[in-house]
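Handing you this structure, nothing more for now.
Order of writing sets the chain letters: A, B, C and D. Residues in each chain are counted from 1.
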Amino acid sequence: MTTVSDGVRAEEILIASIADMLDGLSHIAVGASSPVPGAAAMLARARHPDRTRVSVLGSEDNNFFTDGGKELFDCAGQGRIDAFFLGGAQIDGQANINLVSVGDPDKPKVRFPGSFGSSYMYFTVPRVILFRLEHTPRTLVEKVDFISAPGTSEPNIYRPGGPYALITDRCLFHFDREKGRFSLASVHPGHTVEEIREQTGFDYDEPADVPETRLPDTKTLETIRGPVAAQIAEIYPGFAAEVFGIEKAA
Amino acid sequence: MDAIRLDLDGLAARVSDGAKIALPPDYSYCAMALVRAIIARNVRDLHLVGVPALGFQADQLIGAGCVGTVETAAVTLGEFGLAPRFSASIKAAGIRMLDATCPAIHAGLQASEKGVPFMPLRGVIGSDVEKRRDDWVIGQNPFAENDPILMVKAIQPDFAVFHAPLADRFGNVWVGVRRELMLMAHAAKSSLVTVEKIVDGNLLDDPVRAAGTIPGLYVGAIAEAEQGAWPLGIPGGYDADQDELARYVDMARTEDGFAAYMAGTKAVAAE
Amino acid sequence: MDAIRLDLDGLAARVSDGAKIALPPDYSYCAMALVRAIIARNVRDLHLVGVPALGFQADQLIGAGCVGTVETAAVTLGEFGLAPRFSASIKAAGIRMLDATCPAIHAGLQASEKGVPFMPLRGVIGSDVEKRRDDWVIGQNPFAENDPILMVKAIQPDFAVFHAPLADRFGNVWVGVRRELMLMAHAAKSSLVTVEKIVDGNLLDDPVRAAGTIPGLYVGAIAEAEQGAWPLGIPGGYDADQDELARYVDMARTEDGFAAYMAGTKAVAAE
Amino acid sequence: MTTVSDGVRAEEILIASIADMLDGLSHIAVGASSPVPGAAAMLARARHPDRTRVSVLGSEDNNFFTDGGKELFDCAGQGRIDAFFLGGAQIDGQANINLVSVGDPDKPKVRFPGSFGSSYMYFTVPRVILFRLEHTPRTLVEKVDFISAPGTSEPNIYRPGGPYALITDRCLFHFDREKGRFSLASVHPGHTVEEIREQTGFDYDEPADVPETRLPDTKTLETIRGPVAAQIAEIYPGFAAEVFGIEKAA
């Protein structure tokens, strides 16, 4: 991604948009390999340093767990994690996500790493934000080939958590848990409503007027490029070097 | 009581065909040198349990034909992408795959740790992960009406196989905050552990050190293996050997390349 | 994020009437100074959970009339014998007694730690402990035929209340091998912790120290309280004050003696 | 207790008798306030230092647990504890034990501390040895007033563990799990078969010839009075001072 307007990079728009959805939360957890959500969480923390905790798996500076691999999940089960991020090789219109395989799972065309903690975190974390940088009919499909974690559940299933939004390189969708459908919330600068419809494999609701995704204000940009960039460089040095041109401190 | 101290081959010899072995993820403490010794013994039909995910260890064991079943929440080489021998084997239906989710692996091990036949776990219901597991059951919360809940069957590995920075001569093994290794050790029938260094004193004598130490009770045998996680790193110790890992990923794209890589690594190890 | 730092009265003020509070046994890290502050506030109808057994803390809280329910595997003053105010209260049917067994307390807390409504546990079936607990259910192992197993209901305390040698300004609390305190902290809605000393650095920065540290995430508020376990001791710190404990046991044989003891201790503390 | 014969103390006979029942086991656990069983476990360990582990609750030198209060019980559940000791304010002929109260439990005449881990350990540890120094009809009763842990269970109840023997200040009983009854195994020196029958509140089997409990041999006595006494002094200084006349090392 590159500069889209007024010297603002696409990643910065995503970071700011996600951070707005995390505002004032107590504890945001970020999985492995998620630099943009990680930066968004750090921006949310920078805005409320006395209220917001962030834990990033794989980080040394931003990971305070001391009870082994299970603690993140126990913590979510206790209701102590307010937001989490999930991706998907495929995501469908009911917000089902697929992290396992394309084709018959017993003899797949493509095999991905696996479901990780998604089958659980999607049920236990109130605000799960889906994040997918490749927005095409190949990734946003009508029906996933394998459900790593379902977007919705029957009413008798214990489920304090679930999908809250889906953000891509083209737009932001909100998810309506009652209807079990996405609705288009905003289109990123440089993209169009028609393009979104064309590049999305599932049906979704679309209001008459779809706003453009807001550009981050000056103060937000300063925070992203200053403290957030420095913090993110510890965990994702490649990302920080590419997007912010900074190196990890020794 | 003094620990049983072996060399790598001695440890590897304990792993017989068909054994169920629990392995940590790449970012924890992986006994890569021991894995190479197991491969060298041509062990067959292993049942790998990823706690909760697998990486280079599993890819090499699978590539070498040592594996019958993989039970894990994921197999990934992290920034190096998909695991080539795992992917090839899955596509060829060469291994039995038991897809899980991280907390279900932990729950299954906790059941064995507690000596109970199962552990309840929230979530998971309605996923294909759950639907494709014959060994999980959806039961009822006995303290509520109409509240289905997943019951994960206990996972009892024959061996927990891992590396650690430090052990003492009594077999006490320091793992620090990497408590998934302690859970593995509690749950498994026995643990086979390599360490950077075996010290003479008792690690449990220092109350600060003791808090991150697995008692020798759970440890079947230990071996000293300096740089035993290589080419992976160990947290707080040495970094992963990125060039070597890249070389592996590149060569392992084909079966022949994989064989050449393993032969070369064996030759290097024998020097 | 900086921890909320209060004084003893500030911590005690968080415990309202009817609260369910988890307390460690006498040989762990007991917040005796905080217990005295809670007693001074005349809190009523507390539900004490012994993890897994109770001692001096419970006897004083019961004697002071703060307690409605006691849920524990035992109440004992160890070598000082039976707990006098507890015994008197039981004989007068002055408190609701939920007799448990140690691993059932741990299992109930583990259920809350995991966010599940219950935990299976072997044993216990056929005992009067089990028969007299309306909040336990005998269920079936779903992975076998005709295999009854106890289901212990989750125990979620409002507060874990304990003492520790060390905390930092972020509220990270070091408890070492006394992991029942970590389990309590994970299971409770919040933890109220007194410590011998609050240090400026971050305890999690030291990988050896970190392994025995409860992250500040679980800690509602902390207070510095030197000798905060007195007259009990803390392992690796100071010994119990045997004379003072003996004085308590002697005076607490009667209600009047107990009142006189508590008044005296309050006077001492106020000095 | 005092010297009973040939300069051997009653405690030493008990220690040796119990140790014989622990011979060659892998892991013996001892609860709080159990100096005689603790010493017996240490004697068993001294005989097989390469095979036998001992953990003593409350000991610093003989307690290797690092996972909090639950580890002892988890360990038993895993089958990693071979022998354990339990007492009882009351013990009855079916080996039911009562650690809770005498009389109606809701308004008891006497209240004891509580069941501790007995309700669980009695089911999970293969060789539970009951130990009671007051052998009278008041303690060894026909039926306990409260069952902290039952001596036997229905065949469908998972129970790898249970009672193995009962040792008192007067004698040693073995427990037959099939029959659910004690049988008199040996009478300690200075006591008689008739006295046992009179002082026991429950019925039990009695072979035609009941042997006297063996005195410890010279080597055993040396081990008890040497290394075992020194080790036990760390945990039970009062006991060690009284029985062996030694003080805890600084």
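Convention: a residue touches a chain if its C-beta (ideal position, glycine included) is under 8 Å from a C-beta of that chain, and two chains touch if they have at least 3 such contacts.
This structure is a prediction, so every number in the text was calculated from the model and none was measured.
Comparing mean CA positions across the assembly, the chain most remote from chain A is D. The pair with more inter-chain C-beta contacts, choosing from A-C and C-D, is C-D.
Remark: chain A and chain C have CA centroids separated by 40 Å (rounded to whole angstrom). Computed from the mean C-alpha positions, the centre of chain A lies at a distance of 29 Å from the centre of chain B. For the pair chain B and chain C, the distance between mean C-alpha positions equals 36 Å. Annotation for chain B: residues 110, 114-116, 121-122, 147, 149, 177, 179, 182, 210-212, 235 touch two or more other chains. In chain A, the residues that touch at least two other chains are 65-67, 74, 77, 124. By the definition of touch given earlier, these chain pairs are in contact: A-B, A-C, B-C, B-D, C-D.
Those residues of chain B whose C-beta lies close enough to touch chain D in the complex are 1-2, 112-116, 172, 182, 186, 204, 210-218.
The touching residues of chain C, counted against chain B in their complex, run 107, 110-111, 114-122, 135, 137, 139, 141-144, 147, 149, 151, 153, 175-177, 179, 207-212, 235-236. Interface of chain C with chain D (complex): residues 25, 27-28, 51-53, 72-76, 78-79, 82-83, 86-87, 90-91, 93, 99-104, 106, 110, 121-130, 132, 146-149, 177-183, 235. Looking at the complex, you find that chain A touches chain C at residues 27, 49-53, 64-67, 74-80, 124. Interface of chain A with chain B (complex): residues 32-33, 58, 60, 65-71, 73-74, 77, 99-101, 105-109, 111-124, 146-150, 153-154, 156-159.
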